[in-house]
Amino acid sequence: MTALASSLRGTFPVLGTLSRGHPMIYLDSAATAQKPQAVIDAMTRFYTQDYGTIHRGVYQVSERATLAWDAARERVAHFLTAATADEVVFVRGTTEAINLVAESFLKPRIKPGATVLVTEMEHHANIVPWQLAGAKTVPIPISDTGELDLVAAERLLAAGCEMLAVCHVSNALGTINPVVELCRMAKRHGVPVLIDGAQAAPHLCIDVQAIGCDFYCFSGHKVYGPTGIGALWAKREHLAKMPPYQGGGDMIDLVTFEGTTYAPAPRKFEAGTPHIAGAIGLEAALRWLDALDRVALRREEEELLAFGTGLLAEVPGLRLIGSAREKAGILTFVIEGVHPHDIASILDHDGVCIRAGHHCTQPLHRRLGVQSTARASLALYSTRDDLEKLAHGLVKIQRMFN
Amino acid sequence: MATSDEMYQAVIIEHARSPRNYKPLVTPTHHCDGRNPLCGDEVSLDLTVDAEGRITDIGFQGQGCAISKASASMMTAAIKGKTVPEARELFERFHALVTGEPTDEKALGKLVAFKGVAAYPMRVKCATMGWHVMMEALDENREKRPNGSEQ
Amino acid sequence: MTALASSLRGTFPVLGTLSRGHPMIYLDSAATAQKPQAVIDAMTRFYTQDYGTIHRGVYQVSERATLAWDAARERVAHFLTAATADEVVFVRGTTEAINLVAESFLKPRIKPGATVLVTEMEHHANIVPWQLAGAKTVPIPISDTGELDLVAAERLLAAGCEMLAVCHVSNALGTINPVVELCRMAKRHGVPVLIDGAQAAPHLCIDVQAIGCDFYCFSGHKVYGPTGIGALWAKREHLAKMPPYQGGGDMIDLVTFEGTTYAPAPRKFEAGTPHIAGAIGLEAALRWLDALDRVALRREEEELLAFGTGLLAEVPGLRLIGSAREKAGILTFVIEGVHPHDIASILDHDGVCIRAGHHCTQPLHRRLGVQSTARASLALYSTRDDLEKLAHGLVKIQRMFN
Amino acid sequence: MATSDEMYQAVIIEHARSPRNYKPLVTPTHHCDGRNPLCGDEVSLDLTVDAEGRITDIGFQGQGCAISKASASMMTAAIKGKTVPEARELFERFHALVTGEPTDEKALGKLVAFKGVAAYPMRVKCATMGWHVMMEALDENREKRPNGSEQ
């Protein structure tokens, strides 16, 4: 059943280590994913054999770094099914991507107080940047199962807003949002759409052209890549019109003390020496993913999610949060009488790694009427055994406190 | 090798389930609210300190994990009836205990149950939250009342 | 003489590789420095044994990552002789640091068109961000040897400006600027000072308190650390008052759709999942540097620079650019009748790696009346042999073209 | 193993030192300026195309490395007297040569001296800069003069 997952585990060195003296059961992949050996090796190779900076050197290691950087951009474009690599901007991660769009795309278009439509399930990264850019964030409500209210969405779009910003997959509920439909609705109202793909990129096959959005972004560290790198995809016509975000080397055309002209996109948005090793690691991660049968893996994940959902349902006092029909591998829950922090801590003592807290979704937690929750999240190396260990621990914890 | 018993001792779970002095005071002389933005935990603390600088009553309320709740509960039990300097000293000892610094464990009495926290740096904040709020309550009011009872 | 350098070379794996089939002579360290094995190992260890995200996890790898992140901040504070680690903000690099200060410190204080004093030798990274923030950049002139005109500086400060932004060491001239004196002058006029330490950090011992500046920044990749990480140091009172730069996870206190409150500095300025591996690599780099006798290395570099200056003086038609009395290991030059690009290319064919172009200092090149220059730059692994190979190649090139 | 001779052939250095057709034209029919922001190189190009679509005169000026200068110089020599379609075809061949694609090297004549560039991707822009400017000059004016001589 999870034959693929089991065969993959060996390529993730961290999964073979001990945690608190027990074999590590890593169930926090929605926070950050572990890295396959291929990704680690790509970066080590860069730093030990080929290290140089990009663009400005004619010597061999700089030439190689430049070609690798360009190849990484091509790889990201392919991963997102983008029309061209020029539509891909390298950033630190999803958070920076959204800040870039808020600052360079939204801010020049709006008066302070203009509305950006978000959802009740958004990550702080898809709320705070719009607020910092001077907008008011207005949420599309969700149902108790964790699904977007599309009727309300239509109404709110009709009421007028400058932007729609919505996650493709919720990091707290697992909900897969109907982004194609949302984009179609927004288009009818002339509203540009940003899709936060941080949680979708590791689970789904992405096609930004089929989705019909204006902006799409994700973080490298959640798709088995390194920290400090991510990508923003934007329609070429938007990038062409947007002013630069940060200023510095490599994003300029001509600098004088009186004023400066800028390079064309995407370079216009990539000031300074970038995270070259990060792009190389991300390229390796996406190449590694590309070589897998992602459709089969998605099916396995659905089966694994169903299996885990069943197991957790049997834990006395446990309430699962988020039961959308379309859902990625995220299991968020509370246990009557036990604080999520204690759940995570006690599981940790047995080597089981899950997350407790608000998962950077305070407004969602307020909507759900809970202070915090516990969350176990799956990746393509997750197995039934992981979930059995989790359920076993939860039963023990439930007994400890009741 | 770690076991859950190390940190979640029976006395801790018992206090978390039935916290002592879990109430607001009607006329506290000192008060402080604390919140840990990372985990959302909250503690609200009332103290009554008499003219001699003795903590005659104490009450807390809040949301939090078992460690923070039990720690606040056992703190209230431990410092009730103590003078302010004694409470401060106990804080120092407790802080040393949960951060793995050497201290006189006997002087801590039941509080020694929290020794296991030292192995989990991420949980030190939980175990000390009530204590920090207590220290702040005492500090804060000292400024407001320069002729008050604390030195 | 360069006994230390020779003994260090073995720990830099790239230096043992071939470039275009020849042993690599790497003389572009001002662009980016090679990495010692200790730095590469620290990151590999993180990704293979300890990988987890920071702050929000109680499980062991997250705990370790959090402690490592905090330790990295402490290490940077120590490296800069800062009073406290809370004054250190992790950023992508020097460029992002300056953009952060321009956006969050300067912009709220000024009316558009206000003056930021820079120098004729600044890197684009210390010009464009101020312009993007709405300021006019006015340069302090330099002498033909590449030294700042302090009389002019005093006059320009007296004429009024909102900020002084100056490099500690020039990446094109090698000039070490008198930053203590400049800060003293600026203080008399109540002008806050940012020091761009990108080129100073690899060469000098930094003491931000003794310098007396308000902001100091550097890039990890130039101090033998990884790409994608750097640090901004700022006085605590500035950080406390500055609004956040980017919004998202980890920089918040309380998020609602109506408005958001922020965490205290430095977290307020570190939105999103940061480049954790980068901080760990940077910590390893600074730890490695700390263990060396930096005073002795600085003396060796001065000797090596004098040696190289002498060698280049003997190349027919070569003109050295930048001959400040206080100078770091940078040799910039032009050769009569040969374009710098051709110099770099032909040297490259023999494995000698130098840089040609404007080195992100277009205004300086305009001031010097040259389109572009060639630059060889030293690091603590540079040797006399490197410079002899360079000089040998230059003589050959000079003959080819004349 | 690379040698500097591969890219810096004698003919290239000779053209870089004494570029041909290094002049502005007095009454060009086509003109374009090009600049490479990364290295600052500049080329300014004038062309005269007659009614039959033949390039009757050509002149360039600019700043640049030996590769870009020699390439522009040898280009002017090569396309002078050719028709616009022939010039375009030569560009395609030259581009293939310097990017390592297969092409009919004999048809390139002396331009084959640039073959060594293919091993140095960072220098391809230098070698093709004059050519791109030439192509743009021809394209640009086609739009401005829709009934002009180019198809």
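Chains here go by letter, A, B, C and D, matching the order in which they are written, and residues are numbered from 1 within each.
Operating definition for what follows: a contact is a pair of C-beta atoms (placed from the backbone, for glycine too) under 8 Å apart; a residue touches a chain by one contact, two chains touch by 3 or more.
These figures come from a predicted structure and were not determined experimentally.
Trainee: Starting from the defined contact criterion, work out which chains touch chain A and chain D both, please.
Mentor: C
Trainee: Applying the document's contact definition, name the chain pair with more C-beta pairs in contact, B-C or C-D.
Mentor: Between the chain pairs B-C and C-D, C-D carries more contacts.
Trainee: Could you state the distance in Å from the CA-based centre of chain B to that of chain D?
Mentor: The computed centroid separation for chain B versus chain D comes out at 80 Å.
Trainee: For chain A and chain C, what's the span in angstrom between their mean Cα positions?
Mentor: Computed value for the inter-centroid distance: 31 Å.
Trainee: Where the centres are mean C-alpha positions, what is the separation of chain B from chain C, in Å?
Mentor: 46
Trainee: Just give me the whole-number Å value for how far the CA centre of chain C lies from that of chain D.
Mentor: That gives a centre separation of 39 Å.
Trainee: If I count partner chains per residue in chain C, which residues reach a count of at least 2?
Mentor: 20, 56-58, 62, 252, 254, 341, 345, 348, 356-357, 362 - these are the residues of chain C that touch more than one other chain.
Trainee: Could you tell me which residues belong to chain D and also touch two or more other chains?
Mentor: In chain D, the residues touching two or more other chains are 38, 120, 123.
Trainee: Where on chain C does chain B make contact in their complex?
Mentor: 55-58, 62-63, 66-67, 252-254, 263
Trainee: Using the touch definition from the top, list the residues of chain C that touch chain A in their complex.
Mentor: Touch list, chain C to chain A: 13-14, 17, 19-20, 24, 26, 28, 31-32, 34-35, 37, 39-40, 43-44, 47-53, 56-62, 92-96, 98-99, 102, 118, 123-125, 127-129, 131-132, 136-139, 219, 221, 226-229, 243-244, 246-252, 254-260, 271-278, 341, 344-345, 347-348, 352-357, 360, 362-363, 366.
Trainee: Taking the touch rule as given, give the residues of chain B at its contact with chain A in the complex, in rising order.
Mentor: The touching residues are 1-4, 6-8, 13, 16-17, 38-41, 63-67, 69, 120, 123, 126.
Trainee: Which stretch or stretches of chain A touch chain B in the complex?
Mentor: Touching chain B: residues 20-22, 338-342, 345-346, 349-350, 356-358, 362, 371-372, 400-401 of chain A.
Trainee: Report the residues of chain D in contact with chain A in the complex, numbered from low to high.
Mentor: By the definition above, chain D touches chain A via 37-38, 120-123.
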